[in-house]
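Look for subunit A in each of the two complexes below; its partner is subunit B in the first and subunit C in the second.
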Partner chain A sequence: MSFERFALDIYALSFAVLLVQMVIGAIMAVRSQNLVHCFLGLVMTLIGVAGLYYFLGSPLLAVMQVMIYVGAVCVAIAFGLSLTHKSGEEGLQNPGLRAIVPPFITLAMLGSVLLGLADREWVGYPQKIDESPIGQMLLGEYLLPFEVISILLTVAVIGAISVALIRRRN
Partner chain B sequence: MISEITLIRTLLSILGITVVVGVNAIFVVWFERKVAGHMQYRLGPTEVGPAGLLQTVADGLKLVSKQIIFPQSADKPIFILAPIICLVPVFIALVPVPFSATWQAHELDVGLLLVIALGLLNTLGILLAGWGCDNKYALLGASRAVAQILAYKIPLLLCILPIILLSGSFSLREIVLVQEQSTWFALYQPVGFLIYLIAITLETNRSPFDFAEAESELVAGFHTEYSGMMFSLFFLAEYTYMLVASAIAAILFLGGWLGPFLPGPVWMLLKIYFFLFLMMWFRWTFPRVRVDQMLSFGWKILLPISLLNFLITAGVMAAL
Partner chain C sequence: MEYLHTLPNNLIVYIIVAHLLFGIGLYGMMFRSTLIGILISLELLIQGVGINVMAFGTFLHVDPLSARIMTLFLLGIGAAEAALFLGIAVAVFRNYKTISINKLTRLKG
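Right after this comes the complex of A and B.
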């Protein structure tokens, strides 16, 4: 029985570490004066989200989160950052009264999500879910939206190339 | 939910992976110096231990005892984090790798995806190292690393996709078991195999593609400012990444642990070190190419070929 207890403690501890990492990362991403530190905070939070997916029993989503957000998006941001010359130390501007808006939006969103989930069953330790329906849905029922998104990406790539070409011609 | 057996298994796996990472680094550094020596018609290390085998242990002790120097203008948290971010992902990437039908830390049905995703995190470590130490050689090395990863990750993924089509699974274990029924995927996918070999040489920053740390141009690239144990963490990460990439190559193309007479893990290790030897052979016989040559080779030649390879494989599979 002590083994069981020990294992549960490890489980809870790793979950807590993940949450702390996410919160610290999020605060760093928003509050840091240094652009590189902001970036690092963003990466920490995104990896934390991947960890949450894993805890919720979906390794596929966790891996995809790391691959797309950390691997692709963050490396692209990083590449962009290494091409800029200022390290972003202009500092924060005092937002004034506008600072009240974000907490309200956050609380409203959190509240609506919690209200929506209120009548669901509470599970202490989620089991691994079957992820194969994700692929079947994407290539069956939701094929059209899936393809439209890929067209959007193609348009974005073509746009980026044409912007670069115009700049080169001038 | 969590039984004693899974817990003991997890702890043993962590211990096992740590041992594999350490012993592999010690062995591969020795092996690399021996290979380099013999290719240049000399002997390599001979003094410490039998055939110089303990040379790396001695070097490791020296590195551990050395002072870690922080550059004055370095961004300290990033400077300290960078080598750790480099090492941890490749360490975790060993988790889904099967060394035989039963020797595997944890079976994941998305194992291959996990290894690919963690490979990208390694790049992030290199990038942060380049930024953190506020040195222009390091920054140049790091931005080259990102450019080359962006150029070669896509052909790499495109030559893995046909394997997934052939085996119908992302699980590394399943991919080997499918090859038990048919034959090595290298025979079905010779082009993919070749592109994979080129791409992993690049992924692991090995010569002839070692732009991120090109000694003759950038001093030591992204780890110019690192000393002592932090420097050796980068090397540990690089050699572990080589091990992971070779293991994936063995699993995807050469049937993993499958082979006659010898037990599974022995075959797996033989195949892994065959790939490692191949990468060393590249390093000590090819001169470094130019950055623009490398980038245009990746985008203009490897990408179309691997895309074509994928389309042909999909077409043939749909026709059969």
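Right after this comes the complex of A and C.
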């Protein structure tokens, strides 16, 4: 077995491991009784998604995913978890017959997407491209959405702070 | 092993995983019983959408850079939404001493 062959094996195997890790993490995040286990499952899934972005040919998005979600959002969720913790309230409601609704919606969406893809030709494949024009595009043709997102983030953070402090001010 | 090698270059794999994440997140949003649990499920749902956008942009579009920018915006919106949701959850807990959605029924007719 040549070295390239071995490297390709490792590459494909790591992709499969990432997929399995993501799905297990997602199921853990949704089905677990303990909210801390849910949180850990979410972290597993987010790291798996970052790996998937890397496999799709974008190291920039993988790093952004780790920085924004695993680094910032998950820490915020951990703080929220500890601030609002009250034992005996975790867990799931009894789904009953309604449990078929999410699989039904998901299968309908998946079916329509695959149907739409049936007669389309794939024009690309995952490859590493030069991502440096993104900065200039953000300040050029995508300037308006960029500014709107920055205003949205500012408003959201100020709103979150003021909502969380309402009681304390009085 | 040969089949495994084609896995990372197959659009269908990415689409199926994205929809799986979306479906699991939807299940959690419907059946979790605390606000924080719903937030965690919502994050899963947004991740599914992000993978979908990125996969379509990579495989079907001639310009992969706009897909990356779109996914970056999606990450930003997800972060803003998480911050606001956590602020609301903390405020609700401070006022009602619970975040269980079965007990937050003051607006129920």
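Methods note: the second predicted complex is superposed on the first by the 144 of 170 C-alpha atoms of A that agree within 3 Å, B and C clash if a C-alpha of one lies under 4 Å from a C-alpha of the other, contacts with A are read in each partner's own complex, and residues count from 1 in each chain.
To be clear about the criterion, a contact is a pair of C-beta atoms (placed from the backbone, for glycine too) under 8 Å apart; a residue touches a chain by one contact, two chains touch by 3 or more.
Not measured: the values here are computed from a predicted model.
> With the two complexes overlaid on their shared chain, look at subunit A and say whether subunit B and subunit C clash or fit.
Partners fit side by side after overlay.
> Answer with first, second, both or neither: which of subunit B and subunit C does A:78 touch in the superposed model?
The first partner, subunit B, only.
> Under the stated touch criterion, name the partner, subunit B or subunit C, that contacts more residues in subunit A.
Comparing subunit B with subunit C, the partner touching more subunit A residues is C.
> Does the superposition put A:105 against subunit B (first), subunit C (second), both, or neither?
A:105 contacts subunit C only, not subunit B.
> So, A:8: does it touch subunit B (first), subunit C (second), both, or neither?
Both subunit B and subunit C are touched by A:8.
> Just to be sure I read the superposition right, which of the two partners does A:24 touch: subunit B = first, subunit C = second, or both, or neither?
neither
> What is the contact status of A:117 with respect to subunit B (first) and subunit C (second): first, second, both, or neither?
After superposing on A, A:117 lies in contact with subunit C but is clear of subunit B.
> A:56 contacts which: subunit B (first), subunit C (second), both, neither?
Second partner only.
> If we overlay the two complexes on their shared chain A, which of subunit B and subunit C does A:36 touch? Say first, second, both or neither.
It touches subunit B, and subunit C stays clear.
> Mind working out whether A:64 is in touch with subunit B, subunit C, both or neither, as first, second, both or neither?
After superposing on A, A:64 lies in contact with both subunit B and subunit C.
> What does the superposition give for the shortest Cα distance from subunit B to subunit C, in Å?
13
> Does any part of subunit A touch subunit B in one structure and subunit C in the other, and if so which residues?
8, 11, 60, 64, 72, 76, 79, 83, 125, 131
> Looking at the complex, which residues from subunit C come into contact with subunit A?
1, 4-5, 7-9, 11-17, 19-28, 30-37, 39-41, 43-44, 47, 50-51, 54-55, 58-62, 64-66, 68-69, 71-73, 75-84, 86-91, 93-95, 97-100, 102
> Name, in rising order, each residue of subunit A that touches subunit B in their complex.
Of all residues in subunit A, those touching subunit B are 3-4, 6-8, 11, 34, 36-37, 40, 43, 59-60, 63-64, 66-67, 70-72, 74-76, 78-79, 82-83, 125, 131.
> Over in the complex, which subunit A residues touch subunit C? Could you list them?
That would be residues 8-9, 11-13, 15-16, 19, 22-23, 26-27, 29-30, 35, 38-39, 41-42, 45-46, 49, 52-53, 55-58, 60-61, 64-65, 68-69, 72-73, 76-77, 79-81, 83-84, 86, 89-93, 95, 98-99, 101-103, 105-106, 109-110, 113-114, 117, 120, 122-126, 129, 131, 133-134, 137-138, 142, 145, 149, 152-153, 156-157, 159-161, 163-164, 166-167 of subunit A.
> Please name which positions on subunit B make contact with subunit A in the complex.
1-4, 6-7, 75, 77-78, 81, 108-110, 113-114, 116-118, 120-121, 123-124, 127-128, 130-131, 139, 142-143, 146-147, 149-150
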